[in-house]
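Some structures are shown below for you to check.
The same chain A turns up in both complexes below, where it pairs with chain B and then with chain C.
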Partner chain A sequence: MSVAKSYPTSRSLPMGLFWAAALVLVAVIPWITGSTFHFHIAIMVCISAMATGGLAVTAWVGQLSLAHAAFAGLGAYTSVLLVTRFDLPVLLGLPAGALVAGAVAFVIGAPLLRLRGVYFVLITFALNELFRLIMLDVPALSGGSSGIAGIPKLSIFGMTLSSYEEVYPFALLCLALVMGLLVLIRKGQLGRRFGAVEENLALAEASGIPTARTQNLAFTLGSAIAGFSGAFLAHYVGFISPETFGFQLSVSYVIMLVTGGRLALWGPLVGALFLTPLPEFLRGAVEYQHIIYGVILIAVLRFLPQGLAGLPAQLSRKGDRS
Partner chain B sequence: MSTLLEIGGLTKRFGGLTALSDVSFNVAEDAITGLIGPNGAGKTTCFNLITGTFSATSGTIRFRGQDISGLPPHRIVQHGLARTFQAATTFPKASVRENILRGALLRHPLGLGSMLFGGGAARRAEQGARDTVDKVMEALELTEHADRAAGTLAYGHQKRLGVAIGLATRPGLLLLDEPAAGLNPDEVDRFGSMLKEIREGFGVSVLIVEHHMRLIMRVCDHLVVLDHGEKIAEGAPDRVRDDPKVIEAYLGADHAK
Partner chain C sequence: MSFLIAQSLINGVILGTLYLLMAIGFTLAFGVMRIVNFAHGEFYMLGAFGALIGVTWLGLPYPVTLALTIVFAILFGAVIERLVFRPFRNDELSGMIASLGLAMILQHGALILFGPDPQAFPAMVSGVFKWGALIVPKSRALALGIGIVILLVFYLFLMHTRHGRALRALVQDQEVAAVFGVRLEIMYPLGLGLGIALAAVAGGLMAPLFGVSPFIGATPLLKAFIVVILGGLGSIPGAALAAILLGLIESFTSSFVSASAADIVIFALVIGVLLVRPAGLLGRAEV
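Showing the complex of A and B:
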């Protein structure tokens, strides 16, 4: 069992530098190869990592949401509708998407989070389906089953990011902001509260932590991040429909989170980095994506209970023992 | 001695079952009060009502003159009533120090901004809380285990850690739910001594629910006895011990003559 908030050992700083360097190296791959395909995958990794990061925030208080795609969809539709109908700049549409998704999460979070464990998972699963069915039922807003095409591209201060090469730095910046927020949550006093709620809800409550409010705060923040990622996705891909945000997407986020490490700070990034490109590179295997994800999930649960992000620690413990 | 906690006409019904019926008693300041009774007497129900885990069907709970009945547990801790749990209850993945810190931070509240971005207020809060943690760890002899994960401690140490977390919230009244359960006789004796030291050192009153009669007789200044959901006796330990009603409740009517 590892000790949370362990004190830095002499080894941890160089290891941190090593991982930071590795991350930078991975991030510059598209510029090295210059391949449009690689740029596209890298952007998709950024979007998935942001969404999974939001899911992680909710997971840190011990709740697993299967409605994460619905909140991404809420953000996407909010931004798209504001931009196309009210001529809002896309740069403002993204935070507006986050705001609406967060506000909805805040309102429904209070009654929803009374349910715990598998019951919360089930109710959020139902909510995701409800979102999809409602959106299909209001074609005036959602475009119905044919969706909304020709969504305005991402643009910053009137400058449209029309090529993959232009979108990628902006995607990296957004990802850095989201990861920065995650670091602040995790390393500050809020992370201490989240950890207490996740580890032992009854004891956290008995220690004076308002557990219901803390869980709702996490759910609100996490769902707002989902809304932001969904809005980004909509303006990047240029097409959304209610089916885009079905529960399969929620499941994908959960698998990325668990694969990366449910409770690890860098888990969402590692999970998205590993799983987003995988189906793309296995050419012709895109239709088997869910099978591949399923197999990986089982393998991770069996062999890496702390996810890929916990792998170095697990290996070094093995090394110590031998 | 002034009254810290006033229980008035406390009643709890679960469906048709009356777990606690019109129970009234007071807990005095600077005392160790024992709440005892045979299995099923309603001790734990009473405990859970006071700590806000359940809400009472009727009756009042006043702490330092303020009505606290019906408040959620985290608000009751803020009023100065901290509880421990029957089983060894800790934050298993966190270090012992971190466990106690999570309790101590109650007395150093922060806004959302300081929680996220740190800064001077957050640093001062953490420093203040750490001073409390050091004091509490010393009192409960946990200092040498400060950096170990709570889940890896021996059972007896985990139970002591539970008390430490409660004590770190700087309560006026500490409620202990069967602190001796699962401890060996040596550990029970050491715990009894620690309890007396804690009362002196932290100026805290104690309400203790316990089966372990030797511990109760050794540490308690005052006893309240429940049976079948009703209060059957109250008073100093040696008087209660000889009360025919209490003997009947524990041993049956044959022994009470």
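Showing the complex of A and C:
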């Protein structure tokens, strides 16, 4: 049932340095061009990559969540409400969003994760719809279908990040923290436990790994990251509504994850980096954007089951064989 | 009060029949090919556009249009099976993700072809049936009548023809069915084609009632999901039970409480059923 049977092994050090250098080079593009538009794209890449990173953590234990947008929404609404109604600094609102999203995931995760494979996907799909409907039903809290506009901008210690150039370093820092967390999880004991659960649940259980708790931990962490990214998105864009966090957003996270590589550590980053700016290269063909997304998704599933992040390994394997 | 109950009952049965058309196709595709088809709602949408083209552009009679919709949908389904789903036959999760991509392609393709605006569909019949205080618009009665006929024909096909038996055998056990000479190369495209045709004809039936736009597929997809989750993925009797149940719950809750309450009651029910009986009311547990 899984797309890629095992975690890709870590690359040798020189290759790692090469990719790190490439990443830095991509990250500084907005500063080189100086275009506000490029800054905006880069910030959106950071936010998408964080959210997709959260989805990846859940995927590492073998579960695909279609409720990821709902958790992003939970984080967004938590932070926005705390900041606007209780005058909490935005810097505290972001982790609060993560906390609430994670707490909700922890509570509902235990019964939910008894479902596996497509059944888990279906129930998370239903949950995302439920979240949207409930939020639409409490306009006092959510602003209803007209949403909440004029959300306070991101600020650090009283200093408001009003321009794109000021937001970008903060976005990079947050992304680095999230990716750092992912690396810590993946390289540590927890990562091995996740891998064991993903590859063979029964065997993991028999080996003394508490599989239910492990899956719930991954789901909680992943959803908390979603909450953080959602809160970031809300304060950056300045507008949210229940529709912002609908099925489409969940699907776009899944597309980024699958395109990047469902089980690869750097998959979320690669997927977000590839797919977020893509519409800009298709200017003049905006209406074809979603069609191209769909085609890319199907093509990646078919020809690159380990995603773009697995492409170098796949190529070198082919090279070895010939 | 008893009038309100009877009216809700009738509305519930009409809704239930339509949900059943959607859900049976969906559950058949899952039963036969193990594919959770997120693009199912888009075939409903395409069916509605097909009917619109047939009736308003080509000037064909409504029944002929519906019949053509079914034929084209079966052919289209076979092509989709070959192009999109065949590589993922033994991989439920990848097949499902691929269907998400397919849904995007179809919906936005329709958006480019037909534009985003809802289009009116000419009324096929007008007026109402009246029994005392009970009122049923004739347009709804027509959709219900044709829907029931199609479901009956489909039932007879499944129970009493060679291909129908082969499909049922596949739902029960792929390997054993293959060993007994069920030809997968024919039955997979046929299964998906029939499933898609049921969705498309549901779209054609609903078009006169609800209008046509590229975005109309989302709600029927959601209803089909709910029905098959409740009834059990791959179980056709389960889908029948759950579709009628869903129609009745929706119609009763919205007449006696409110429409948004209906949605929340249904989702609570879905989550409850999934937790207590993950395989659905009449589904078989996964091995």
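Basically, the second predicted complex is superposed on the first by the 305 of 322 C-alpha atoms of A that agree within 3 Å, B and C clash if a C-alpha of one lies under 4 Å from a C-alpha of the other, contacts with A are read in each partner's own complex, and residues count from 1 in each chain.
Here, a contact is a pair of C-beta atoms (placed from the backbone, for glycine too) under 8 Å apart; a residue touches a chain by one contact, two chains touch by 3 or more.
Worth saying up front: this structure is predicted, and the values here are computed from it rather than measured.
> Quick one: is A:205 in contact with chain B, with chain C, with both, or with neither? Answer first, second, both or neither.
In the superposition, A:205 touches chain B alone.
> Which holds for A:34: it touches chain B only (first), chain C only (second), both, or neither?
neither
> Contacts for A:114 in the overlay, against chain B (first) and chain C (second): which applies, first, second, both or neither?
Only chain C is touched by A:114; chain B is not.
> So, does A:158 touch the first partner chain B, the second partner chain C, both, or neither?
Neither: A:158 stays clear of chain B and chain C.
> What is the contact status of A:184 with respect to chain B (first) and chain C (second): first, second, both, or neither?
First partner only.
> Return first, second, both or neither, reflecting whether A:193 touches chain B, chain C, both chains, or no partner chain.
A:193 contacts chain B only, not chain C.
> Of the two partners chain B and chain C, which one touches more residues belonging to chain A?
C
> Does any part of chain A touch chain B in one structure and chain C in the other, and if so which residues?
1-3
> Which residues of chain A touch chain B in their complex?
Spelled out, the residues of chain A in touch with chain B are 1-7, 184-185, 188-190, 192-193, 195-196, 199-200, 202-212, 217.
> Okay, in this complex, where on chain C does chain A touch?
It comes out as residues 36, 84, 87-88, 91-94, 96-98, 100-105, 107-109, 111-112, 218, 222, 225-226, 229, 233, 260, 263-264, 267, 270-271, 274-275, 278, 286.
> Provide the residue numbers of chain A that touch chain C in the complex, in ascending order.
For chain A paired with chain C, touching residues are 1-3, 64, 111-112, 114-119, 121-123, 125-127, 129-130, 133-134, 136-137, 247, 251, 254-255, 258, 287-291, 293-298, 301-302, 305.
> Which part of chain B faces chain A closely enough to touch in the complex?
So the residues of chain B in touch with chain A come to 51, 72-74, 77-78, 82-83, 85, 89-95, 98, 101-103, 105-106, 110, 112, 114-118, 122, 125-126, 147-149, 151-152, 162, 165-166, 169.
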